[in-house]
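There are two complexes below, and they share subunit A, which is joined by subunit B in the first and by subunit C in the second.
So, the complex of A and B:
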């Protein structure tokens, strides 16, 4: 039984219990994110003392190169990293909740692959297209492929979740093959540009991306608040969820759409960042077991921290060489995920 | 009236597309290859050349404040062109889309010169310093035009004219030695996927030097328009089953990406029976063979060096490469 804080206010009119460990973990994650943010703002190839960064943050100077570096390069990049990490992790946590599959992540429902295909097609087949169209294409591609998987996995017979997962794997593989063919036969320069985007890099993230990501996340906040309850019911399986009064099929579709929208917005802004949607919810769960609502918050914080750190490492570790954050998350995420699996297995055997 | 209209049209076509009002301390540069028709270049500006034209600028005696992969490729072909100090003194940006923009800002350039294929990155550069954009994609300029626009930006038109004239003189000597019909050629490179070979059309830089020297593109090689119909005008992928399409008098084989694939193909009977292979009329460019792909006047001279050597058997060439002093390392 986990410890809880009992909070009461207004002479008992408002009272609730808050689990201690998840809240402490959340506070620690918040502190880690703040430390990462500080390090990101202070670190870079353009030499700026911490006092200069603080002064420029407090009062931007028009025409100053330091101000440009802090306000146009470092700050929007940091915010974009935190937002995309949080959104990918939320997307993964929702998918893992509704599919009851610990391996579910945005790439399972073809979000990353759909976005990749749309952007590669735009770059290779229509090289003159405005770069500003890429996020729109990525979002459209992600939603289209997810919708295709959803419609193909519909059916009256049982096993809808398994059908959804298997259909997702199949369609995602097909879409990836088409993308690969385009990269192979496209113009070399176009293929190079597309590969750069596919690596998942935040180096071009600016205020435009931050605005879009923030608007999407804020807009989906009410849906995220709502999501905790159906995810909680679906964890026990569709029959129990129905018994608990949940309209399972509509709830599942809405949750998938919510997950896809979060991941599509993130991928469209910075390209596919591997492993965040898969690993962040697992790390959050290992740090503190909690109800679905708090788990979503913890996952978001973990995802934000992961991508924030990955971007900091990628741009500072071997500067001026820039390693895309997507490569860092994959390099760190895959062994971390293997470690989590091994540890959970050893606990079960013990 | 008709004569008046004709003169008006002629005047309009000759007049620059823009009338720049450049401030004091800057030089007005008008050139059709510059996006917008022209630019104001600060006198004595520290220029960051962020793409392949950095090599042209170097050849004209104007080092870039940033280093990039194109300068690395040039250095691989001409090791003596740069000293360690030259390289160490410039901020290395690799390839622009993946560059560290803070490092670029730290180099404190007064001006960037970039290409139109990187609009997003150019917009980011513009926050650091003004950007002059060369219209490569829109106008597909030849290598001589690229050299002249770089010279115009630097105010070194006379030096560029001199370099191009020296090249033309050497080309004329080569043509005279080759005679009126030196034969046909094809240029190819093994592809790493195996089963395919990359065939370059006459838009390839090395192919342009071969054509200028009097060779004819082999009839089995697709024209740029035909290649463009497959996807791109510069090269196309050919199945190795159709190696017979490359039965030219001379076959230039650029180094492939995968040595194992290359060796396997070269050992095959299909390759061995190819006429230029059987006749020993293969040209294997030195190093990575980038001088057959990247376009600048020094690389054009390297192509001529290899024609003198591999086809005429004249090494060292009777008319020396003016950049030949850089072929030995520093």
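So, the complex of A and C:
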């Protein structure tokens, strides 16, 4: 995979070719997201024609039922889905870039489980805590588990990526068991609240979650713009990156922090949504090969589309029963994960 | 597994040591077994436990509690612990993969899905067919994982097996959750079981699993000798006159039977099959004729101990036994990866 990247990067650097295909794909992804958004706004137990929805979005009517449904339930939920999808995809793309491991994913390497443990501990041990503390706790938990996995998987360079994945599996099993024990220990109503969150459901997402997510994403935008360059350097391996003038160790630490922050914010808002961060960057790359900066944008759009669609399917497939979006992403994502294992080009990248 | 062959220091010496250690291990098993029965919401003195087991009095409340509630649970722990450990030992030997385990390789997830779907279709309350359903599911899960790992570049090797196991387990786990959401009724009855538990089990259910436990263990003991040869490499084994394909098929049958009966009775208890065979190898080396029986005994002791911990750690609450096995097994897995890769 890296060889292709190298060629693409060289071609871009020498010929200054305009990235036509990636931009075209981006426009198509935008159109698909818009279509998903429209379908999400129209779908639900309270029937609304699309002309009504359009009118309500343009001019909300205070007090009308339709306005409440659109503005208080469907619209924030849609935005939360798109934002979490974009953030998880960005997190996965960065993680895959720096570890040079095509199978790195925030949930596969324990970041989601760390955030989940911290949030469940907060809900169960301190039920009176403000909901605003959850993102902070999630970030702390995610960071701690990511640090644990990264330090455990240090070692001889050859098997480093392989160890990374295996350590993730082992530590994730342990952390999930602690979470489970915490749920047993907690009082029933606190455990119920935590269980609902753990399923990765968007049904409770409101403007509060959207605000936090949007703020985090906006705040991290400068970092994301910066991230493109070190990621493209790290793609060639740490030695080449050093040769290109990159301070490898600090850049790596900052990128891991960035990746964990994105995933932690998303997970703390809607619970663990598996496989989005793993699959979205690969889908984006299959749709259009591009430089790392544009790849991040394409990944974010793909992730937003994935979670938007997952939530729509979860709401519509067995209506009136709602399937959590996290379940849909797991059902779709794990076969794609299997496909990635099959397609991994050599034993080394495996 | 080559490391094991290297530590193989004189079969005679190992054998003598194992024979000397056997009474010790069995004595420990009896002690932990009695302790397991004595511990609980109401602690019962060991003397009463012994009396209840040897000369029960029908009117004695403690004796009734012991014989109807605590004894079945202890027997479950012994059977399931021994079965999962032997299954793990066999699968590690046959795949020559120190990280192999029924849970990590998708067998438990397959069995769980089959049981959940079966219960969703049949309604709560089990039947004697449950172990068979679980066995079919375990076989399906194993087929998926091996098929996937075999199709991956590099073929079946420790890492591709584990990754394929993770993918299949995630997918099957999502199906289980989906089935729960669609059928709340069976969800309630299965929720505890899905975490892996030994509580609230009856003699009747144990009898459903008994033929599977017995058959699987017997097959494992018979195959142990050939598995030792296979652990040295397929060419070596073939040179020693082992029919490798037949051995693998039989070993898989034993692993499936043992895993299926364990999952059907106690839910998915992860990492037991990973941890115990490695502990057994520390004592007896690379000979599967010793590893299999020693794994069975240590596994029984381990699960009894884990279940004691699950009941006393947060008393009066009870942690699902499967959570405790994961708490203990996760770090061992991490250690194995660090030591072996």
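Here is the rule we go by: the second predicted complex is superposed on the first by the 273 of 350 C-alpha atoms of A that agree within 3 Å, B and C clash if a C-alpha of one lies under 4 Å from a C-alpha of the other, contacts with A are read in each partner's own complex, and residues count from 1 in each chain.
We adopt the following convention: a residue touches a chain if its C-beta (ideal position, glycine included) is under 8 Å from a C-beta of that chain, and two chains touch if they have at least 3 such contacts.
Small disclaimer: the values here were computed from a predicted structure and weren't measured.
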| item | value |
| --- | --- |
| Partner chain in contact with A:166 - subunit B first, subunit C second, else both or neither | second |
| Subunit B versus subunit C as contact partner of A:103, first or second or both or neither | second |
| First, second, both or neither for A:331, with subunit B first and subunit C second | second |
| Partner chain in contact with A:245 - subunit B first, subunit C second, else both or neither | neither |
| Comparison of subunit B and subunit C by subunit A residues contacted | C |
| Touched partner set for A:184, first subunit B, second subunit C, both or neither | both |
| Partner chain in contact with A:176 - subunit B first, subunit C second, else both or neither | second |
| Touching partner for A:222 - first (subunit B), second (subunit C), both, neither | neither |
| Touching partner for A:321 - first (subunit B), second (subunit C), both, neither | both |
| Shared contact residues on subunit A - subunit B and subunit C | 184-185, 321, 324 |
| In the complex with subunit B, residue positions of subunit A that touch it | 44-47, 65, 68-69, 72-74, 127-128, 130-131, 184-189, 192-193, 196, 201, 203-204, 206, 315, 319-322, 324 |
| Touching residues on subunit C, where the partner in the complex is subunit A | 99, 104, 148, 151-154, 157, 159-160, 162-164, 166-168, 170-171, 173-175, 177-178, 181-182, 195, 270-271, 314, 317-320, 323-324, 326-327, 329-331, 333-334, 337-338, 341 |
| Complex contacts: residues of subunit B adjacent to subunit A | 91-94, 97-103, 105-106, 108, 117, 119-121, 124, 127-128, 137, 193, 231-232, 237 |
| Residue numbers on subunit A that touch subunit C, as the complex places them | 103, 108, 152, 155, 159, 162-163, 165-167, 169-171, 173-178, 180-181, 184-185, 199, 274-275, 318, 321, 323-324, 327, 330-331, 333-335, 337-338, 341-342, 344-347, 350 |
